[in-house]
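Next come two complexes built around chain A: one with chain B, the other with chain C.
Entry: the complex of A and B
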């Protein structure tokens, strides 16, 4: 189908973009999630605020040891970044599962986060890395953790006039390995389940699960067990224990086990 | 809204509605009907074109967003229709009805340019962003391998 009519504004500054946003005015970044919704007329905004011209939001840099991902940074830029591969390899691994190259060339990291699809990889990887999400509105800036931002399927704590502007990712602990695994029918399809792990054996562990609920979830029991030296299979069973459906629980336990083993290899 | 777009090296000045999809602009306004529209929600890949050299879904971008940008469609792949990838698709029977072919070629052109000896798994991953309902992909896997290896090697 074709989109219903809307007005279009190409924002020339961040302030202008934020001033235009509201209940019936949506930001347009990579468009890889919003445009399908427009085409299906599931979304019928009165105004689209195109932020693609705001190149200051496309940065991908390290400052004070922290990775700063501007909300407009393309998924392809994350995938190709040597800085990210060296310091935050979990993100390099996870982004390869996001759609296909033809999607990642346009799709943005911020868009993956703000769209909050329960099957999206980047929110899960960012949750495992304790990322912080900064949003700006006419009321000012605020910074949220993953647990505060992701409220449900396709639902975040962002207000209609609030724009996600930056994602900060602290460095993983020294010596920690990481892995991202998922199960999908074919490569690039929406994942049925997945797992992100950042592990330094018997010292530090972060495990985040895709497909265990409507939002990315951390697995604190598994993390505690791993930090205390539990083996991957035992920790993985803990990470999956709250999942009700048998098949999904078995799938998640297996994927978490693989993620932990790959992270500690 | 007025836009100016470079398509296959030629400049086009057009007036478009904000809601016009790039795919419809290419087909209806420019008359370049080699680009096909399948699912119109970014799944099938039939509408794939290259924006500033990168493959992307033209049904997931507004025409107005292409203002000042450079596009390459299947008509711009090779003037004579004899790009090595096109030749390999022909020789390896990598198409039947042909509806998906333009999208596959525009997706795969950078892949065969950048990979010398891709494995079958790599080729299948590179094919994964486009759907074909006829061929079963076998011929395409062979064609992409042949095109990546380059001339003089069957």
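Entry: the complex of A and C
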């Protein structure tokens, strides 16, 4: 389990990093997914572009009411942020399910998003919060919604020479509660299923599901029903209705119900 | 029992002394195999078959590669290396299918070594291994042991009037019970470092192993060399759980490579290789029938055990099914038994011993059947057991083993007392179940040896043939020696793990170290006591019989005293002893309370009670650690662990991303207690404590799960999808 040979470049500026990226290059941030893939020789880039020196990508701040998470912000920083806990508690809750503390101290929020593992928690929580993802390439900047970014397991709309640079999270509606629940075999293991909910009873609801498909999915029927005052159990059944396998459907319905109930408690 | 229980608990034996090993480990001063970097060392990796079954048509090494030192193929081994030997359990018929060191002509499991590559670094060796061109022709693999008609092992034993018992039975209960294959997953993977000195004609092998004896014997067989030309050293070992008991084929190749390239060669297995190619445990299922009379008296047991042995027979592959079979009468006064074993060939890595090695399977097979019988007879499962427990010892089971001692009733009652369900939240969201299971296990047997030295500085050095791989032999063995020599355990040094220093022995496995290795130390130390008394007599000018031995030294009737240092002033005193005995039989009772969430099928083990009777307990702290560790592995088997394969016999759980080990967060409160029925077969009265937790836990939890499900049987691991389906059928 030693990686195949690759070249290494420590980028000194964002422009330099983007200039180095391309078909056979991979950005290296926290390395918590990329390095195992390299060691298994499942990923064989010719060049690793180390962006860990680009501290301007590590910010975690609020401006104009919007949370701005630099792609290099560590998961541990998100977990410990009082700003996040006060304004975007769903992220504080979800990030605790990401691996173990050692992993979160190196792992980045942007890395979790760009890796697009279908079992990852942060993409689901960000999807529930209507986050916007900004990517930069030599062609300039563009901003995508979760539905546009996540295309499949380990697959995003990012081009090989495009770097995720920032995630913007709008504030949840006034008075909305939130919750993240998941089901994994063991503490810190990859999730089998999970749910994120942001709910203001009879007013607003956002529900995103982990494990219902290859990408994080929102549950619009459940959201509409909840906004119209439906009971959590009914809404949860709607969120799970498209899942084919019986046990998984039951599991997701249960997790969504718990998330909604916890969010409205 | 008193006659042989020569060692009464005293100052050290029976005391919970903390582990003397821990400081070294915690400050990082341990020396594991991969911590050795001899000058000039080259690194060995393997080209492994990507197919579960294939003809190997050709193997072509690269013309050149960066840092490449050598490539070894099966052809290079012809005429100079034999496959690993196979151990034959009593009464077993085995196919002549040893594991080849490198696949010659045919590869029979995904991950099997096909060629060996030696290079200047591990990374360069992996690069060069990618350049070895192997032509394969894929063959049809066998993944399902039920679909295999290739037998590697057959065994049968019957005792008593089985047919008569079944003909007269009021109730016949039982079913088909299966335990999947498991991965031992020690934190330190396997590995070997070999160095050849052509001048001294000595081949030295450092090996991450459970002991020096078996690697030495296996390597001598493979290379057809006399033992004197081999030296095996076992450094610190980061766990084995049975999986490092035999010489790995890869370790034999490391030795051959060191001879060929004239440099030290190291194979430090990585985690992927460990998942693919280290032998796995369990992988057995059984059809069990238990015949009972109307009062619940057990009349006979029939069991047909099928074991998925994998592609070849490794040295100890036949042992776990044999042990499982021999224990199928359990703790009960069953007068008749008929048990068969069929070990089939599949295209998977071979199986071998994993903590319990047949004992957890036997307990699971029989104890599930006992609970099914209790349900059929509408008798409380604990009461049904009480009516059948063996109470008189020695007891000869109908399968032929003689249980030396025990107090099975006390174990059962204590386990039930410890787990007694307390009122808790019971609602329509959860099913609650409780279960109890008994076990009896074989430990000890064969022989071990020890040397005891009193050095001129007054320190005692014990060289033991049984060496540790995490258990704490240093602490326990020092307690045993210190007790009899009236010295501080800190003044007793232990030396292990070097075939050039320690006497020959059998090895560290099957919970045998204290009973066998500890008893050998007792014998050696007793001889050293004799020598000390002989040396003291002239110094004290007193007859030996008039000398008393206490913590201040050896004292004559007139009060004159000498200390141990005085006795060895003229030169070290040294003794050696060997201890041999029949098998000893530990036992226990485990009880569990579980909850199953109706909505999701998730199982939570609420409480677990572990009662083990391992005879005399030398160190209750370390023994409890053994019980907890074994119980956690047993819980892992219940909640998460299973080595899975797809229809093409490709492993689908070959990393920790897919094969989950429990974390501390999943472990329920475990109440562990000991019952001490001394064995009459050794001077310590000891049995074995290394495996009880792994043996009792799965059977107890399985019975609790079946209880929660109203008697519906589910095999481990008890995953939420299986339990949910069981509830919604």
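The rule is short, and it goes like this: the second predicted complex is superposed on the first by the 265 of 265 C-alpha atoms of A that agree within 3 Å, B and C clash if a C-alpha of one lies under 4 Å from a C-alpha of the other, contacts with A are read in each partner's own complex, and residues count from 1 in each chain.
One rule holds for everything that comes next: contacts are C-beta pairs under 8 Å (C-beta built on N, C-alpha and C of every residue); 3 or more make two chains touch, one makes a residue touch a chain.
Everything quoted here is computed from the prediction, not taken from an experiment.
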- [ ] Would you sort A:105 into first (chain B), second (chain C), both or neither based on which partner it touches?
- [x] first
Open item on the list: Looking at A:48, would you say it contacts chain B, chain C, both, or neither? Reply first, second, both or neither.
Closed with: first
TODO: Scan A:16 for contacts with chain B and chain C and give back first, second, both or neither.
DONE: neither
Task: Partner contacting more residues of chain A (chain B vs chain C) - done: B
Open item on the list: Under the stated touch criterion, which partner chain does A:40 make contact with: chain B (first), chain C (second), both, or neither?
Closed with: both
Open item on the list: One more residue to check, A:254. First (chain B), second (chain C), both or neither?
Closed with: second
Open item on the list: Let me test your reading of the model: by the given contact rule, A:31 touches which partner, first (chain B), second (chain C), both or neither?
Closed with: first
- [ ] Examine A:183 and indicate which partner it touches, taking first as chain B and second as chain C; both and neither are also allowed.
- [x] second
Open item on the list: Contacts for A:161 in the overlay, against chain B (first) and chain C (second): which applies, first, second, both or neither?
Closed with: neither
Open item on the list: Per the contact definition in the header, classify A:246: touching chain B only (first), chain C only (second), both, or neither.
Closed with: second
- [ ] Could you tell me which stretches of chain A are touched by chain B in one complex and by chain C in the other?
- [x] 1-5, 40, 186-188
Task: Residues of chain B touching chain A in the complex - done: 1, 17-19, 21, 24, 40-42, 45, 48, 51, 54-57, 59-62, 64-65, 107, 124-126, 128-129
Open item on the list: So in the complex, the part of chain A that touches chain B is made up of which residues?
Closed with: 1-8, 10, 28, 31-32, 35-36, 38-40, 48, 50, 52, 76, 99-103, 105-106, 186-188
Task: chain A residues touching chain C - in the complex, by the definition given at the top - done: 1-5, 40-41, 183, 185-190, 246-248, 250-251, 253-255
Open item on the list: Taking the touch rule as given, give the residues of chain C at its contact with chain A in the complex, in rising order.
Closed with: 122-123, 126-127, 130, 270-272, 599-602, 639-640, 655, 657, 660-666, 719-721, 724-725, 728
